[in-house]
Structures are given as C-alpha cells and as structure tokens.
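In the part that follows, the structures are each spelled out as structure tokens.
Note that chain A is present in both complexes that follow, paired respectively with chain B and with chain C.
Coming up: the complex of A and B.
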C-alpha cells in the first residue's frame, strides 16, 4: 500500500490543483512534494530492511498475464529517491515567480512526478511502458504552454521523436511477451527468463529496438538533436524535470531491462553502443565549449554526462552500474542546481547570453559560491558527489576497453573547459550593463541552493551510505548476467 | 593519533570559519583565525618528528568508495616521508600566512584569502598524508582547485581569470593521466594502498603494466609540477597574490609531483625507461625555464621560470634514482624560493604594485631587510657554498655525473644560467639608481614586521638548510639520507669526491662565473634591459617564451573551437537533423499516400477485401506446401 501511496499521491494533489484551482497553489504543491519525500524515505527504509525489497501486486488484465505490480529494490530505490528528493526543490524554485501560484503549472509538475515514479516503480513491463509514455504528456504541456521562442515547433519535435522511439520499445516488449510460456506474463522477472533464452540474432535485434528507445530518451549520440532545443526552450522547471529525472528513465531502462534481458544481444551490439555513448561524451563536451546561451551549454553538458552513464552501464560490471546509479543521483542534484542558477540570473537580467553577463560575484557572493560548488560536482572534483560516480564509471569503461576508457576520460578535461568558462564569463570580470544592478539572493533562493550544495559535499564524502543500499540489487542483477 | 588528525582538521576549520563569516569578520580576527591552524599543525608535526620511531603508521579513518571487490578507505600514513612534508608545508605555510597578514592588509577580500589559503593547506596535507593513491588524488585535485581560486583571486581582471582557468585545465590534463594510473593500479593490484602495492612489488610478484602505470602517474606529475609540455600555466599563475606564488607555486604544490614519484619509487625503479624519460623531461624543462628566465623583466616571471627550471632539476635527480637528493632540493628550494618570492612581494608592495625590474633599482638603502634576505636567497639558489642550494643541487649533480655524463654537462649549463639570471634580477632591483616614478620613490618603504619576520626566518634556513643533509666531505652525517632510507631503494654508493675534481669544480665555476659576469654587466656597467620593442632576433624569441603559448593556441585551442562550431552547426544541424527530419517527412508522405486509400467508396473497399483474402489464401497455401 505504501508503494501505491507514493505512486499516486502527487497525481491526486496535482489533479486537485488542476481542477479546484486553489489560491495557495505553491504552498500546497510544496507541502505535497515534501510529504511525498518523507513517505518515500520511509518506503526506502523498509526496502533496505528486507532482503529482496518490497513488492506490490494486483492483477490487472488477468487473462493476458498483465498485472499492476510495483517493487522497490536497490536498483530503482535510488531513482525513486532521486525523484522524491528533487521535486520539492524543483517546486521550490518557482517561489515568488509568476509560476508560484499557477495551479496548472504546479498541477502538471505533480502529475509528472507520478508518471516518473510509475516508470521507476513498475514491475510489469507494460506498466513501465505505460508510465514511460504517460510522462510525455505533462512535460509536453509544460513545455508547449510555458516555453520560450519557437516552442511549438521544438516541443512537437521532441514529442514525436520520443514517441517514435518508444514504439520500438513497445514492439520489442510485445515480442518478448509473446515468447513467454503459457498464458503469457509481462512481469519483468519473467521476461528476463524468457528473453535470455532467445537466440542470439533475435536478442541482437531486440537489443537494438530497446537501445534506440532509451538512446532517444537519454539522449545518446546521434539521437540527441531534439534535446538542446527542448532543454533551452522549456521553462526552467520542465528542463529540470527533463534533465534531472526524466532522462534517467533511459539509463534506468538500460539497467533494468536491457542488461538482464539480452546478454547475447550485448555481445553483438554492446561495444557499438558504448562507442556511440562515448562519442556523445566528447561530442557534447566540445559543442558545449562554444555555446553562447548558458542554458544550452548546460543542455550539452547533460548530454555529455549521460553518455558516460550509458557507457558504464553497458560495460556490465558492478562498478559501472553502481557508478551509473550514483551518478544519476549526483547529476540530478547538480544539474537542477545549475539550471536554477541560470534561471536566477535570467530573472534579474532577462538574459542567458554569456557574453552579456559578468561580474555577478560583486553583487552576490553566495550565488558565486553555490555556482562554484555545483560546478565542481559537475566536473567531478574529489570530495564532491560527481567524483564518486565518474570515478566508477570511467574505471568500468577503462576496464572494458583501455582506449575507449581513455577517450571517455577526456571528459574530465573538456568538462573543466566549458564549466570554468561559464563561471568566469558570468560571475567574474567586470559587471556589464545588465548585471550592474544585480540583486542578491532572496531567502527562498538560498533555501534551494544551500541544501543542494550541502548534498554535493555530503555525496562526495560519504557515498557508502548509498553504495551499500544499491549493492545487493546490483549484485543480484549482475549475477543474472553471468 | 587524535592529535595527528588535528593536523589536517585545523586548517579545514579555519577555512570554514573564514569562509562562512566572510565578509563580516574583521581583518585582524580573520588573519589570526587563518594563521593559527597552520601554526598549531606545525607544532604537532614537530612533535611527531621528534617522537618518530621509524615505524610506518597507518590510520584507517572510514570507508570511502566501496563497491564490489574495490575498497578505497580514507586512510592516513605517517612515515619518514610524510613527516618531512608535513614540516615543510606547515612550517613554510605558517610563515606565509603571517606574511599575508601584512601583504593583504589593504585588500577587501582579506578573509576570503585566508580561507582559501587554509583550504589549500588542508588539501596539501591530505595529499601527503594519504595512505593510498586515491586519497593522494583528493589532495592532488584539491590543491589544483585552491590554486585556481587563488590565481584568480582578483577575478575582476579577465586576464587573471584566464590564467586561473589555464592552470586548472592544464593540471587536469595531467590529472587524467594520474587517474588512468590509478585505474591500472587497481587492475593489477586490486587496490591503491601504498603498503599492499609496494610489498607486492618487494615480494617479487610478477605484475604487468608497471611501466605504463609509472608513465601515467608521471603525466600527472608533469601537470602538477609544471614540466614540459604542461609547464606554461605556472608563469601565468603569477597573476595570483605574491604569497600564493610563494606558497603554492614555489614551495609546496608544485613539488607534489616530486613527492609522488618518491612515494612511488618502487614502481619507478622497476621501469628504467620511464625513469630515463623523467630525467630527460626534467633536463629539458630545467634548460628551457632557465633560458626563458634570462630575459624576463617581470620580477615574478623570472622567479616563476626559475621555479620551472628548479623543478626540472628535481626530476633530473629522480631520473638518476637520487631520491634523497631530489627531496633535499625540494626542501631547500622551499626555503629559498619562498624567500625570494616573499622578497619580491615586499618589493612589489613598496613599489606600489610595480613588477618590472627595469623600473626599479637602488632599493637596497630603502629596504635593508628585504635587500639582505633577497641577496641570501639569490646566493642560495645560485649554488654558491656553503648555502643550502649548493648542497642540494650538488647532490643532484653528483648523481647525474655518475648516471649520465651528457646530462650532467647540460645540467651544469643550466646551473650557470640560473646563477646569471638570479644575479641579474637581484642587481637590477637593488643596486644602481632608482628608475621608477617620483611618486613611487616617495612611497618607498621597508615592509612591516609581519612581512620581514618571515623573510628573516626563511633566510636563516636558506643559509643553513644544507645542514639537513650535510655530506660527509663537508663534515656532515647525511641526516636526511638516513631518515628517508627505510622508504627508498638501496642508494648507489658514489666514490669520495674532492674539491679539486671536475665533478666538484665545474658546479662551483658554474655558480661563480655567471654571478661575476652579471655583477660586472649590470652592477658595474649599469646596463639596463631595453624596452620590449628593442628586443630583436633570437633574444626576442626567448623573451616571447619560444612562442609556446601561441603554438598551443594554434594546435589545441583554436581547432577545438572550430570543431565545436562545426559539430554544432554542420553535423548537428545539417547532417543529423536533416536525417531525423527526413525520416519524419517520409513517414508523413507515406501516411498521406495511405490516407488516399480511404476513399469512402464501398465498392473499392469490397474490391480490396477480396484481393486481400485471396492474397492471404495464397500465402497460407504456400506455407503449407513448403
């Protein structure tokens, strides 16, 4: 039941906001997301105490063997945690803005949370698919209604592209489902057993179908062209939802479905997929270096980061998967913080154009410090959260193939290049025409940034807490592979 | 043990207090809060040193990264090497904190400055205390961060910000090498613990990739210790406040590479090719740095190139397996180079931020303490006996003499250049007539005691520092060699040397003759370097630092910028997106075609139905037959 609660609670509150349109939308939304966080923490505590995690099952379409089943274990626990942790922050970033008491905006964000939670919680493959698709709706409306210039063309492209990708996922799922014995079942664990028995060339094709769907979602080179435009044009909170949480549906899908289902497919195609992922790391980082729009720069940075996660996962090692899970959490924290900083700057200066900014540190010391700390997390300095994930990921890729590992490693240099450039051109130097009256941070803004910064450090100093939580689930998963 | 933890913890607390309380804390309190941690840490380190029983002590603090079979703990190692480094870092560190209280007194960012300095000390201590390569790497990257923050301390000026970024990025290139070295260590040994790794090697177990590991680690050292080809950040790093140049870019951080190689000597000893490479990189860097130093007119730039060059000497020593000699030079260099930088800072302070030696001159009467101490530092670095630099450099040279004669000859040449450019800068600054403006002349003064006191202490060590490892021929007992012996390989026994041999005589000549030449040319002839336009020919090439920055710009910076735009505007926009949209359009066209099938004509539908049924029948039948 507790699983049902954390799944549907945000949707219920979101629906109330959408329908009843109460005045205090911000407070309600924030309170709901905090309640959700507390409830999720309790669920995770329960899950950690049991050996195999928590499961909730109710028959859904009984004849077809499709059930409404949810579970929590070490693998998805981290993602549920990420989703529950970040939404309160994302809601809080609307404080005092025109979106704070916009019931539609807040309602859509909460609806989005349920869709994301659903995809991570689902134990049934079709249920996973349902939420995977359902999440497109609230995010599409957020971007299409509240987006910036050219929003219609760009969000439409995003919508169609990702929908197109998930078709492959659906076809693949149906194929494996039909191969299950007896009256069929779409339970993920049943699918593992069935899919692994399929002949090599079929597994290869299925791998491609699944990989393309997830590669578009994350995105992985060359399926990424929707991403920079969408991230740039979407309102900041939608961008945070997209990059902070939603893209992890792709990496999660790789871990949860692709690895355990198609070990033979990975033998055929795994290396190609790793190479594409690593190309994306370097390609995205190099493009980020010359970006003029700060938000777009972060979009490419996110693209580069997710490439490394994908490569690490596909290396199929415990380190790689552990690193990817840890990095999903860290990246969520860091990128939400960084997008918020750009939003803060944009609110005050009406610009994200790097060349027009500068000298902000003279007006807001705290903002500079927060920017530096979050950036250090992003460039994976030791003792920040980013280092733990990146260390494990790079190591796993390096162990998989030395040359690919070295190429992937260049990210730590290029990441520093574009990140430090962004900091210098916005925060340092002389102030400009538009930054000369820069207002210091408000209390609400500090309340978001300071805890995020604390998480960056805590995550870098004390990762064992989370690594130990994920370890059994990952070990179990890897043992299936062998 | 709990006392030991205070050593890194105190600077961290100092950082936190000054960082959080900035800018509310008053300057006098911020200065004290910043200076006490390294001072107390120094006292504790001294205590450790005096009570050290020769036993390596490992302190396990907590798990850090623990995944599958990989376990990397937070752990500290106390042994002969780390204790010596502790003394240098906290000792020189305290003096420089004290100095900064005077030097930075008028700076608005005073508290911030001290918090950064404390953070640096913290990371530097982690670097030397770490009991495994990964904890070392925490310190390694952490000091890089502090270096970035402090070079760009006056970040309002864009060129300073650029210098800071350059330092961080060039260090990161090295750090990637180091990180790959760590991955290889884990592959081969399953751990990054010093003790496990070195005892495995000592046991004679066959381990692969040792050469590659040593090479990767050395790439890290090239970045951190500014060796060719990753040295160009260090001269630019002079954008930072002068105490930073003294502490980070002369005495401590830049020697981390040497520390690391000495720490990993067991690995390097097994890879003679890599050691050979280390030696030649060191030699090339020593000569290049010294050559560029000859013509620089910015007092800090001269010292920066001198540092690059001296670090080259240390690596040359390592290349010849003369670990003690190199470490000896790390220590004496920390004394005299910190002294020279602080002296330069004192001069710059008095000259109202002027750094061009062509506009100085005649300062000796106005600032006697700075003058005397700078002179002592100059003599020490030039290798004139019996000052500290003579003994340490001579030990490196002696090792080279037996290791590789060609290298030795070139090292002697570098030594001569050093002596010349150091006396040049000394004379142009302190002797002759004042060449600055009226206003500067009016303002000239000796620095306050908080600045001169550290100068005096460092001068004492620059003079007497040779005692740390005084060789037998000078009546010493080679204390440092005995102290470090447990962690080093058996030294090669060199024959007795006399003062009248080539081995001894050449370095002495190389120290004295160029000094005389400089005194004659700049002191007696009173030559002053011309302005930038008048510099011609080969001299100009050297003055412009062999155009290496420009070369890197053409080779790396610009191509990446071009590539960036090419990827974004051509590949992304024209190639990939056209294909994506092409797919979309095809689907749309196809759906338009298919839509035409829905004509609304019932007869047409029935016709199609019949055709379809027939088709199905035929296909089924075929599959039956086959």
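Coming up: the complex of A and C.
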C-alpha cells in the first residue's frame, strides 16, 4: 500500500490542482512534495530493513499476464529517493516567480513526479514502458507551453525523437515477452530468465533496440541532438526535471533491463556502446567549453556526465553500477542546483550570456559560495558528492579497458575547464552593465541553495550509508551476470 | 436478432414522427431506440442461434461488434446538432431513420451466415451512406462526394458480387458453414482456379469499404465532402462493420485458403500503413487528416489478418472500440469549431481554425487532445493498448517486419496528430467561448472518459470480449 501511496499521491494532488485551480497552488504543491518525500523515506527505511525489498502486485491485464507490480530494492531505491528528494526543491525554486501560483504548472510538475516514480518503481516491464512513455506528456506540455523562443519546433522534436526511441524498446519488450513460457508474463524477473536463454545474435539485436531507446533518453552520442535545444528552451523547472530525474530513466533502464537480460548481447555490442558513451563525454565537454549561453553549457555538461555513467554501467562491474547509482544521485542534486543558479541570474539580469555577466560576487556572497560548492561537486573534487561516483565509474571503465579509461579520465580536466570558466566569467571580475544592480538572494532562494550545498558535502564526506543501501541489490544483479 | 427487427420498425416510426415533432425530440427518441436495441442485442448473449433459415447467426463476437456499432451510432446521434441551416431543405427525421436503417445493415454484416445476407447488409449500409453523404443538397462538395462514393461503391459491390458468384460456382453453396466444410475437406490442388479468384474478389470488395490502399482514393474526398456528422458515421460504423465481415470470412471459411490471400493482404496492409500515414502528414484540413488517419488505422487492423490463424478477436474488438471513441470525439470537436469558424474564416476545417481553442474552451481542447493522443497511441489512452494488443498479437505469429513498419508509421502518426494538439494549446488565436448543447457535452465527456478508463484499465474490456 505504501508503494501505491508514493506512486499516486503526487498525481492526485496534481489533478486537484489542475481541476480545482486553488489560489495557493505553491503551498499545496510544496506541501505535497514534502509529504511525498517523508513517505518515500519511510518506504526506503522499510525496504532497507527487509532482505529482498518491498513488492506490491495486483493483476492488471490478467489475460495477457501483465500485472501492476511495484518493488523497491537497492537499485531503484536510490532513484525513488532522488525523485522524491528533488521535486520539493524544484517546486521551491518557483517561489515568488510568476509560476508559483500557476496551478497548471504546479499540477503538471506533480503529475510528472508520478510518471517518474512509476517508471522507477515498476516491476512489470510493460508497466515500466507505460510510465516511461507517459512521462513524456507532462514534460512536453511544461516545456511547450512555458518554453522560450522557438519552443514549438524544439519541444516537438524532443517529443517525437524520444518517443521514436522508446518504440524500439517496445518492439524489444514484446519480443522477449512473447518468448516467455506458458501464457506469457511480463514480470521483469521472468524476462531476465527468458532473455538470457535467447541465442546470441537475437540478444545482440535486442540489446541494440533497448540501447537506442535508453541512449536517446539519456542521451548518448550520437542520439543527443534533441537535448541541448530542449534543455535551453524549456522553463528552468522542466529542465531540472529533465536533467535531474528523467535522464536517469535511461541509465536506470540500462541497469535494470539491459544488463541482466542480454549478457551475450553486451559481449557483442557492449564495447561499441561504451566507446559511444566515451565519445559523448569528450564531445560534450569540448562543446561545453565553447558555449556562450550558461544554460546550454550546463546542458552539454549533463550530456558529458551521463556518458560516463553509461560507460560505467556497461562495464558490468559492481563498482561501475554502484558508482553510476551514486553519480545519478549526485548529478541530480548538482545539476538542479546549478540550473537554479542560472535561473536566479536570469531573473535579475534577463540574460544568460556568459560574456555579459560578471562580478556578481560583489553583490551576493552566498550565491557565489553556493555556485562554487555545486560546481565543485559537478567537477568531482574530493570531499564533494561528485567525487565518489566519478571515481568508482572511472575505476570500473579503467578496469574494463585501460585506453578507454584514460580517454574517459580526460573528462575531469575538461569538466574543470568549462565549469571554472563559467564561475569565473559570471561571478568574478568586474561587474557589467546588467549585473550592476544585482540583488542579493531572497530567503526562499537561500532555502533551496543552502540545503543543496549541504547535500553536496554530506554526500562527499559520508557516502557509505548510500553505498551500503545499494550494495545488496547491485550484488544480486551482478550475480545474475556472472 | 430481435434488435434488427426492432431497429427497422424504429426507423419507420421515425419517418412518421417527423410529421409532428421537431428535430430535438426525434433525436432523443432515436437515442432511446438505440438504447432499446442495444438491450435487445445483449439479451442474445451466450445464445448461439441461427435465424432466418439459418442465414443469420448470433454469436458473442457478433454481439460485441453489434454493440460497438450501436454505441457508435448512439454517439453520432447524440452529436448531431442542427443539420445545415435547419430549413425546409433538411429532413432530420429522415436522416435519423436512415441512420437506424444503416445500423441494421451493419448488424447484418457482422452476423451473417450466408453470403446473400452479407451482400444485403453491405448494400443497406452503403445505399444509406450514399444518401447521407449527399444530404447537404446545395453544397457542391457534398454532391460530388455522393456521386464519387456511389460510383466507386457500386463498382466494388459488383466486384464483391462477382466474387460471391465464383465461390458459389466452386462450392455450390451460399452458406458460410457449408463453404467452410467444403473448403477444408477438399485438397487445394483439386479446387478450380476461379474459386481463388472469387475469394480474392470478395476480400477486395470488403477492403474497399474499409478504405485500404490502393482502394482508398475515394476516402479523403468523400470524407471531406460529406457533412461532418455523417463522416463521423462513415469512419466508425462502416469501418467496424466491414472489418467484422472481413474477419468473419477470413478467420472462418477462408482460413484454409490462407496461401491464396495472405500475400496480397500482407502487401495491402503495409501499403495502407505507408500511404495513410505519409499522406496524413501533408494535410492542412483536419477533416482530410482524419480521413487519412482512418486509412492508416485500417492498416493496423489489417496486420492482424495477415497470417494463418487469427488468434483473438478481442484485440480487434478492443482496437475498434478505442478507435471509435477517439474518432467520434475528434469529429465532434471539429463540428463545433468549424461551425464557429465558418462565418469567420475561409476554410473552417483547417488546423488553423483550431488555434487558441484552449484559451476560452479548455474542456473542448482537453477532449480533442485526448482523442488525438489516443489515435496516436500514447499511453494513458485506449489507443495505446489497442496498438499494443495488435502488435503483440501479430508479433506472436512471427510476423516481424510489418510490425516494425507499423511501429515506425505510428511514430509518423504522432507528427500529424500533434499538429492538432499544438494548434489547440500552443498557437495564439482568438476563439470565444463556444456554446455546447448539454447532450453534446455529456456525450463528449463520456467518450473522453471512456478513452481514459480503457487506457488505464484495459482489462475492463478485455475480460468481456
């Protein structure tokens, strides 16, 4: 029951917001997301106490063997936690803006949370697919209604591109589902058993179908062309949802579906996929260095980060998967914080052009400190949360193939280049024409940034409790692979 | 079975009611008639019986199809507003009566057990549709559409009849069950060639009615020319009935001749998918887009035919129902918007006249968008599961490449369905609050809600069929 609650509670509140249009949308939405967070923490505590995690199953389409089943274990626990943790922050970033009491905006965000939660919680492959695709609707409308210049074309491209990708996933899922014995079942664990028995060339093709779907979602080079435009044009909260949480549906799909289902497929295609991911790291970083628009820079940095996660996962080691899970959490926290800082700057100066900014530190000390901490987390400096994940990921890629590992390692240097350049050009130096009246942070803004910074440092200093939480699930997963 | 007798009587009484009562009353009475006939249809549930000298068979499948047809007719009647200017040139009582008669024809087509009943049913349905297509007498387009439809339709009727004759010549029977026994008991080598030609001609005759490519050329023009309310009727009822007839024949008696027709049908279904979807992309008019969309949906449904055994009728039924619910809503909103815009813009049926609908008519915009999403097959709507069942059914019979093509084509479909959503929500435009009659509103929300319920909990229907 508690699983049902954390799945549907945001949707219910979101629907109330959309239909009843109450005046205090912001308070309701924030309260709902905090209740959701508390409930999720309780669920995770329960899950950690049990050995195999929590499971909830109800028949859904009985004749076809499709069930409405949810579970929480070490692997998806992190993502559910991330989703529940970030949404209150994302909602809070709308405080005092024109979107704060916009019922449609808040309602769509909460609906989006349910879709994301559903994808992470699903134990049935078709239920996963259902939420995987359904999540496109709220985010599409968020971006398309409230987006910036040229929004219609860009958001439409995003929608069609990602949906097109997930159709490959659907083909693959149906194929494996029809291979299951008896009257068919789409339970993920049954699919594991069936898929691993398939011959090598079929596993190879299925791997490609699944990988393309997830690669578009993450995105991985060369399927990334929708991403920078969409991230730039979408309103900040939608960008946060996209990069902070939704992107992880792709990496989660790799861990949950691709790794345990197609071990032979990975032997055939895994290296190609890893090389594409690593190309994405380097390519994204180099383009990020040259960006003029701060939001676009962050979009490319996100693209670079996710490449490393994907490479680490495909290396199929405990460290890689652990690192990826940890990095998903840290990346979610960091990127939401960074996008918020850009939003704060944009609200005050009406500009995101790096060249036009500068000297903000003279007006807002707290903002500078927060920016530095979050950026260092993103660069993966020791003692920040980014370090733990990135270290584990690089180690796993290095163990997998030394040369690829070395190339991937360049990401740390390149990441430092574009991030530090961003801080330097915006925060330090002389103030410009548009930053000369920069107002200090409001209380609401501080309330978002300071906890996020604290999370960056706590995550860097004390990673063990999360790593311990994920370890049994990851070990179980890797034992299937062996 | 009593339903068809009742419906015929209701139709005749409708003609007389027209002397004394205004349109609104007749509309309500017609709705009542349809409810009664649905109840009569349901009363045959689980009684597999033969009627009329063993020419007519009621089975649970045929009852399900009849119910979908009558439900569609119910919604079409509920969505019928004033016909044109509602002057002396329009004859509402006759229109409602003709609709009831054509439902009789459609029911005959889904429950025939004799070739002549199929033919008579098809003719009742078609002749009624020719009349309704041309009912907007002073509109040139409507007349053109009626002539086109009539010429093409009677031509294919000839083809169908020719096919039936050839099959009769080979098997000496019109009875479906007899033909089936003869076909399964005879070795294919000893069958005459004209039997195969006959089978193909029958299939082609029916494919014309479901507007499968390359027999689809009449569809866009007829759909566009006919008054929208009758286009709605055509795209749901004619299609469902013809498909039911096709499945009845193909899965029943022609199953043993699988090798004869499977390749043509295979090819036609792929061609239909490509032609329907690609042409729809280029349409400026919503009505024409829906015409091509109906062609493309015929392609998806045909996929299930293109193999030896037809595993379940349930996915076909589910698909027909989800398609009907969504199409009816799309046309209903089109009726309202084009009526509102007809005095304001030159082409009231274009996408551009939907621009800015969401601003003052959020309910209409939502209904329209949900129907578009359902037609596109996005999760949370019935259309998703409809496509899902069709694909997995077809896939399970090892037909892989057509399914992949179908999936790619449904990605193309998203493009043109989303044009509607984008126009409604994202484009700026001035549309004032549109007055919607109460009955219309109820029917609109009922269909939309049905689409969502089927999308979230598909078992609800799967368990019935």
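Assorted remarks:
The rule we apply is simple: the second predicted complex is superposed on the first by the 482 of 482 C-alpha atoms of A that agree within 3 Å, B and C clash if a C-alpha of one lies under 4 Å from a C-alpha of the other, contacts with A are read in each partner's own complex, and residues count from 1 in each chain.
Going forward, a contact is a pair of C-beta atoms (placed from the backbone, for glycine too) under 8 Å apart; a residue touches a chain by one contact, two chains touch by 3 or more.
Quick caveat: nothing in here was measured; it's all calculated off a predicted structure.
Look at A:464: by the touch rule set out above, it reaches chain B but stays clear of chain C.
After overlaying the two complexes on the shared chain, residue contacts for A:151 are found with chain C alone; chain B is out of touch. Chain A has more of its residues touched by B than by the other of chain B and chain C. Once chain A of one complex is fitted onto chain A of the other, the partner contacts of A:160 extend to both chain B and chain C.
Of the two partner chains placed around the shared chain by superposition, neither chain B nor chain C is touched by A:257. With both structures placed on the common chain, the touch criterion links A:84 to neither chain B nor chain C. Contact with chain B, but none with chain C, is seen for A:405 once the two complexes are overlaid on the shared chain. Shared-chain residue A:63: touches chain C; no touch with chain B. In the superposition on chain A, A:177 makes contact with chain C only, while chain B stays out of contact range.
Residues 160, 164 of chain A contact both chain B in one complex and chain C in the other. For chain C in complex with chain A, the touching residues are 314, 373, 378-380, 384-385, 388-389, 391-392, 395-396, 403-404, 407-408, 410-411, 414-415, 418, 422, 425-427, 457-459, 462-463. On the chain A side of its complex with chain C, the touching residues are 59-64, 126, 129-131, 133-134, 136-137, 141, 144-145, 151-152, 156, 159-160, 163-164, 167, 170-171, 174-175, 177-178.
Put simply, chain A touches chain B in their complex at residues 157, 160-161, 164, 222, 224-226, 228, 283, 286-291, 317-319, 322-323, 359, 361-362, 365, 376, 381-383, 388, 391-392, 394-395, 398-399, 405-406, 409-410, 412-413, 416-417, 420-421, 424, 427-430, 461, 463-464, 467-468, 471, 475. In the complex of the two chains, the chain B residues touching chain A come out as 22-23, 62-68, 70, 137-138, 141-142, 145, 148, 152, 155-158, 161-162, 164-165, 168-169, 172-173, 175-176, 179-180, 183, 186-187, 560-561, 563-565, 567-568, 571-572, 576-577, 580, 583-584.
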